[in-house]
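Here is the structure we will look at, set down as structure tokens.
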């Protein structure tokens, strides 16, 4: 076995490896996107859920909370908050912010209308029903 | 500095360090908010401070990458930059857009900012790291295209070396994967799936190409080792990067609604992701040991070696700790992720930029290296910053483990906030270490001005 | 030197998958044994014979180039590529049958491992054939000689590795239970 | 330039590999199971891989290090597989 190994060979391995695994990744992505409808119950995405996601984004909730474990780690996980607390608690909590307790972490008051509050709850309800391979480990999230 | 147009890199480096200071200041604000929840509330709520912290990080690293490209491409291609004027115009556009975005975050509630900047037309805001308003995102694309046009034309009309080709691939990849930030479906699972195409395929894909190219360039200049050897190592390292990193994206697809097989592919391939970082460390030390010249810039050598080690520790070791699916089931969305994030980002992308700046800045100012005393100060800065990041990571890892134990294990797990109250000690320690980091950064900046007048060695 | 590094990286990745398969099976033996019945063992066995023969052709190709017979070497490589093609065709029929039965990566853990291992290997066969094609073209145009034929040896070792992986994969997935 | 020395042995190795494959196939076709059969089949596979590595890949002629790594990998993989299968027997 020859010991010489040229830079050209290394470059070919780089190109071959990159293309190979990117094609494999595209294949897996195709299979995932095909199989998602059975897992994310997208048929339940109502207009309220869409509006709720829009509110979630325009108030940058992900700047303090995590959702399905992704986001900031300053405030509780909200992927399963609907199961943990229920819709009414969520609405009351959002309306009642900030607590003003000295030294405690504060959530801003977003002055959401009742319609917007319902939309956010619908979005969080839909998110809590995604098949996440039963993550998080418990109800605390 | 062989070519006049390399001077364009100087403002980019200065802007990069300026934004870096801003990032650290907001990091300290957030660190304090972790322990005193209502600090600066309601003027700067935590999520706004976080937006500024993360966006400043990404923007200053992009400034660093662009400065590095404007410095090394002319030297690699052995020809003047295609259009220094275009580079300067783009510099001001990108800087102004960046500053305006940050002011927008701070001055106006996020919802109003979204309404003002056309988020209702195309909603792309409100996602982690991609909080920028639509005009800023479009501005980033324009600046990136002009930048890529500029350096690609330079390489086309000059010598084509592997380093400049790899750097170009990395930068073109960066621009292409940024386009996924415009895709924001209402289905959260699809949204997250392709959000990772921007985030993961950046930091564990194309950015590692840029990291490899910059490190290879600096090592050639510092060690004088034969270019053929260094570029062969570079290709093998980035081959392993993409071979493991592309399917490695799967370690983000465990719990977001994607099929279960990702738990196997994501775990196996991301478990192999530390290999290229380990190779980079061996590569850096190997080249420095086999150096054929004594480069006066000892500080840059230290930074180059540090980049290898810290990227292996931060991205490799701390990444591997929580990448296997059964482990990630418990560590996902806890302080463990934050610990990995800090050390990986610092070890790989902050340090390679500081390596480049530490190597190129003296040359841009007319001398081959800073004076002895200023290099000593710079080395103090290196150790202060690096060690404080290690401690921040250790404290957050401890906080994460305790958080998991209290909040996710055992018969009666605590609620989120109860668990957070139990780990306050580590947040205090982290905040103090953050100030040590700031001292290190200040020393780093000061070292470029300290006792440098008399050491006017020829460039 | 570094081509071997790349081969070891591949062996490492496949090795981890083989061991993962074995331990995943340990958790649900009944499911694995039951699903294993549906595999087309004949097609797997034929494929093993095809790949081994194809590997043998590459040995003859290396032998030929060591005697400066570059045209004969190119013919042996062409034969190896041909048999590689046969492997792909047999495999495609097998995959078609499985997909027709509605089996996908998400059907169950056994099929997930079966499909991912065989598809991952399938793509390696294609990559191997691309490498052999490049080597063949260069050999045909006299690019190699007795003194300098690293390309042929590199192509041959990669092809042998692909066959070697299949030699383990076939009994592991198709036979033992 | 005489025929390289390794063609003849490789032809025999090729035949041996074909034969071993057929035996594995026949075991599989017969649907035999159980510990001893499993050990036989894994042993056959290990032998085939070792033959392939030594003769076809020419590892016999290279430095000891490369053969050691391949042999080590083979032992590790087949060993772990055997352990996994043994754990299901008891």
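Order of writing sets the labels: A, B, C and D. Residues in every chain begin at 1.
Methods note: a residue touches a chain if its C-beta (ideal position, glycine included) is under 8 Å from a C-beta of that chain, and two chains touch if they have at least 3 such contacts.
Treat the numbers as computed from the prediction; the structure is a model and nothing was measured.
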Most distant chain from chain B by Cα centroid: D
Most contacted chain pair (by C-beta pair count): A-B
Centroid spacing, where centroids are CA-atom means, of chain B and chain C in whole angstrom: 39
Between chain C and chain D, centroid-to-centroid distance (C-alpha), Å: 15
Whole-Å gap between the CA centroids of chain A and chain D: 47
Multi-partner residues of chain A (at least 2 other chains): 1, 5, 10, 13, 17, 20, 24, 31, 35
Sites on chain D at which at least two other chains make contact: 58, 66
Multi-partner residues of chain C (each touching 2 or more other chains): 2, 4, 6, 12, 105-106, 153, 157
Residue numbers on chain C that touch chain A, as the complex places them: 1-4, 6, 104-106, 119-120, 123, 127, 130-131, 150, 153-154, 157
List of chain D residues in touch with chain C within their complex: 1, 3-4, 6-7, 10-11, 14, 17-18, 21-22, 24-25, 27-29, 33, 37-38, 41-42, 44-45, 48-49, 52-53, 55-58, 66, 69-70, 73, 76-78, 80-81, 83-85, 87-88
Chain A to chain B touching residues, read off their complex: 5-7, 10-11, 13-14, 17-18, 20-22, 24-25, 28-29, 31-33, 35-36, 39-40, 42, 45, 49-50, 53-54, 56-64, 66-77, 98, 100-106, 108, 110, 126-127, 130-133, 135-138, 140-141
Chain A residues touching chain C - in the complex, by the definition given at the top: 1-5, 9-10, 13, 16-17, 20, 23-24, 27, 31, 35
Chain A partner contacts - residues on chain B that touch it in the complex: 33-34, 36-38, 41-42, 45-48, 50-51, 109-111, 114-115, 119, 123, 125-128, 131, 162, 184, 186-190, 192-193, 228, 231-232, 235-236, 238-240, 242-243, 246-247, 249-250, 253-260, 262-263, 265, 329-330, 332-335, 337-338, 407-409, 413-417, 419-420
